[in-house]
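In the two assemblies presented below, chain A is common to both, partnered first by chain B and then by chain C.
Right after this comes the complex of A and B.
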């Protein structure tokens, strides 16, 4: 586990300018929904990714605000028109305030 | 705590008792205790225990603020999900919107609801005007068999919706 990267973004191998491409993102996260019983002591507290924000260049293009109901290790796949060369950055924020960032370059 | 105390015990033992047989035994015991208790202490997520589960919401409570009196049309949005989901903890889904960026309109927001979940609102989202296409894939948790609805809001305020029924065998809520 330790050697596995926590976050990842995948673009298609080949794409042309202005093509609409599929972008796949994922993060390794337990995403506890706060409803799992913990032995006899209560519940495993809520601990989940509540925001996924995607930036293309400096522009925020998609913001997903989620409740606790995304699955463990949430992945998110979306479409994007590759209009210009710019970094594509994904920021995940969890309920403990931790931020995880991953970025790839879109080159057209 | 255990780990800290044991480490101190270990260093003290080493310096005081030096290399007598008893000293060595004590240091070995200290190392052993560190390994055992240190590990146990780390795997107890005591700060991550809650007395109560989070509050539940009704579908009405979650849906009304988003509809705001508007009636969604059953058109343009496609929600693809398995009819039978074995494990409610990982239910895959796909949301597509037809021609979202043609003409003057674009999809401003996407919402997903699972009627019978403790919190029916799964996510809200905001989209930029020039994405080219809306075709999202993700995985969600479902507590039990339920109606699932995906709602797309256009920039002019029009709402489009698709619903599908999913049967869940194992609850995703523990």
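Right after this comes the complex of A and C.
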């Protein structure tokens, strides 16, 4: 059953050692590109996820440098060869410097 | 123009034979190639049981918000015209404010109305039948109750559901989904099924979905979520509405809806943004999302919407329209090559909100356009006006509001359209000429919503 947390990582239900699996990640996060203004409030400050970093064990395996063009609630998926048992950790960083971390264990 | 289908030839042939129109010899020739002995000739060639045309005849197809307004206002603009409204339903049921009925705030009578009364009060003919084809060259409409001719034809057939867009391709599964978990965004049995579901729900998760695209009634699913949650709250059930939204955030009146979600329904409603539905597994009661799967105890699945099937049947779909809407002039609603045929309401391709009040105001303008063109007058373009209340609380009834008037449509088919559109948009810095809103729910706004509905029903039927 789905968890409705702000951040989430999904692995396939079953996989074998050395299999290439699809990993899905998602964060609920606004996207303001900094160029939108409201009549009475002026410009809305830039606010979006600018970096997504993925660690497999201690090793950083993917770094995404995003821009305001990244969507709101970005959904990011990639393929991973499940070579060993280790935590898979995703770190999202936004333009205000906040970090969000989520992790699941890859078990083979 | 659609030419390929021999059935058209058949229609022409059989009509000419029965009607005996001498000029149709060529059509009869084409028709003779068809040898479907069992084709429903009797039905098609029969003349509809309606009084003979007494003047210029306008035939309006679809007695929804657009069509009812059109029939009435054509008669107002041109009292000497003969207006026929063709509708497949025998009674009118209103989609607007039907969510209030789901929560028990109003009864079914409030949203049910009589086509006979509308026709009597406004002096037009109501013909209870389903349109199956149109021959534009001869200006004949074929219906389940026989054929009739027109001088002007206005199509207002509303929407149909786009099942493939939510991954439903197998007719067997579509049928299951539609009967078990109907969207209730087309009035009738779907609503009655949904009402019963809500009344009988005891505990667990009740899933609602918000589709992608320009779907019918943008605030509808959010309002409905509030109304169903209000029932669970009143009955103190261990039950929750799970609202799965394709959009990254509440698409319209966000502030007002979010306040209601948090302040009124914290334990009864959960909102999940950015859910792309890949498929619905009906037997396992599961919405298969792009990211997650959602199991439910009961549900109402709102697929994407598309222009009504009739538009496609008649070969009028705009190639550029992802929602299979009609190919029409965006300022005057007529077919590009036929000033006698118009499309209004939710089947239009313009990006206006697919709402009853938009269809109502648009119909009044297009009625003027049609009568004006007939008398050789050209009318200044006017953007439709929309006004929209959403009930967010049931105890007491409290509503929020958004109203606006549209600038010229965004999609432009000619460089001139484009130039006008862009100019207007730049001048105003928005798609609207003006807008007005009230996101603070209150009992006064709740009362205003009842008055809104009452006023519109009076306009459509009075």
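What we mean here is this: the second predicted complex is superposed on the first by the 102 of 108 C-alpha atoms of A that agree within 3 Å, B and C clash if a C-alpha of one lies under 4 Å from a C-alpha of the other, contacts with A are read in each partner's own complex, and residues count from 1 in each chain.
Convention: a residue touches a chain if its C-beta (ideal position, glycine included) is under 8 Å from a C-beta of that chain, and two chains touch if they have at least 3 such contacts.
Note that the coordinates shown come from a computational prediction; the quantities given were computed from them, not determined experimentally.
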| item | value |
| --- | --- |
| First, second, both or neither for A:88, with chain B first and chain C second | neither |
| Contacts of A:106 with chain B and chain C, given as first, second, both or neither | neither |
| Which of chain B and chain C A:43 touches, first, second, both or neither | first |
| Per-residue touch tally on chain A - higher for chain B or for chain C | B |
| Which superposed partner A:10 touches (first chain B, second chain C, both, neither) | second |
| First, second, both or neither for A:23, with chain B first and chain C second | neither |
| Partner chain(s) touched by A:78 [first = chain B, second = chain C, both, neither] | first |
| Chain C-contacting residues of chain A that also contact chain B | 71-72, 75 |
| Chain C partner contacts - residues on chain A that touch it in the complex | 1-2, 4, 8, 10, 24, 26, 28, 30-31, 71-73, 75 |
| Of all residues in chain A, those that touch chain B in their complex | 20, 22, 32-38, 41-47, 56, 59-72, 74-81, 83 |
| Touching residues (chain side chain C, partner chain A) in the complex | 248-249, 270, 272-274, 289-295 |
| Chain B residues within the chain A interface of the complex | 45, 48-54, 89-91, 114, 117-119, 121-128, 130-142, 172-174 |
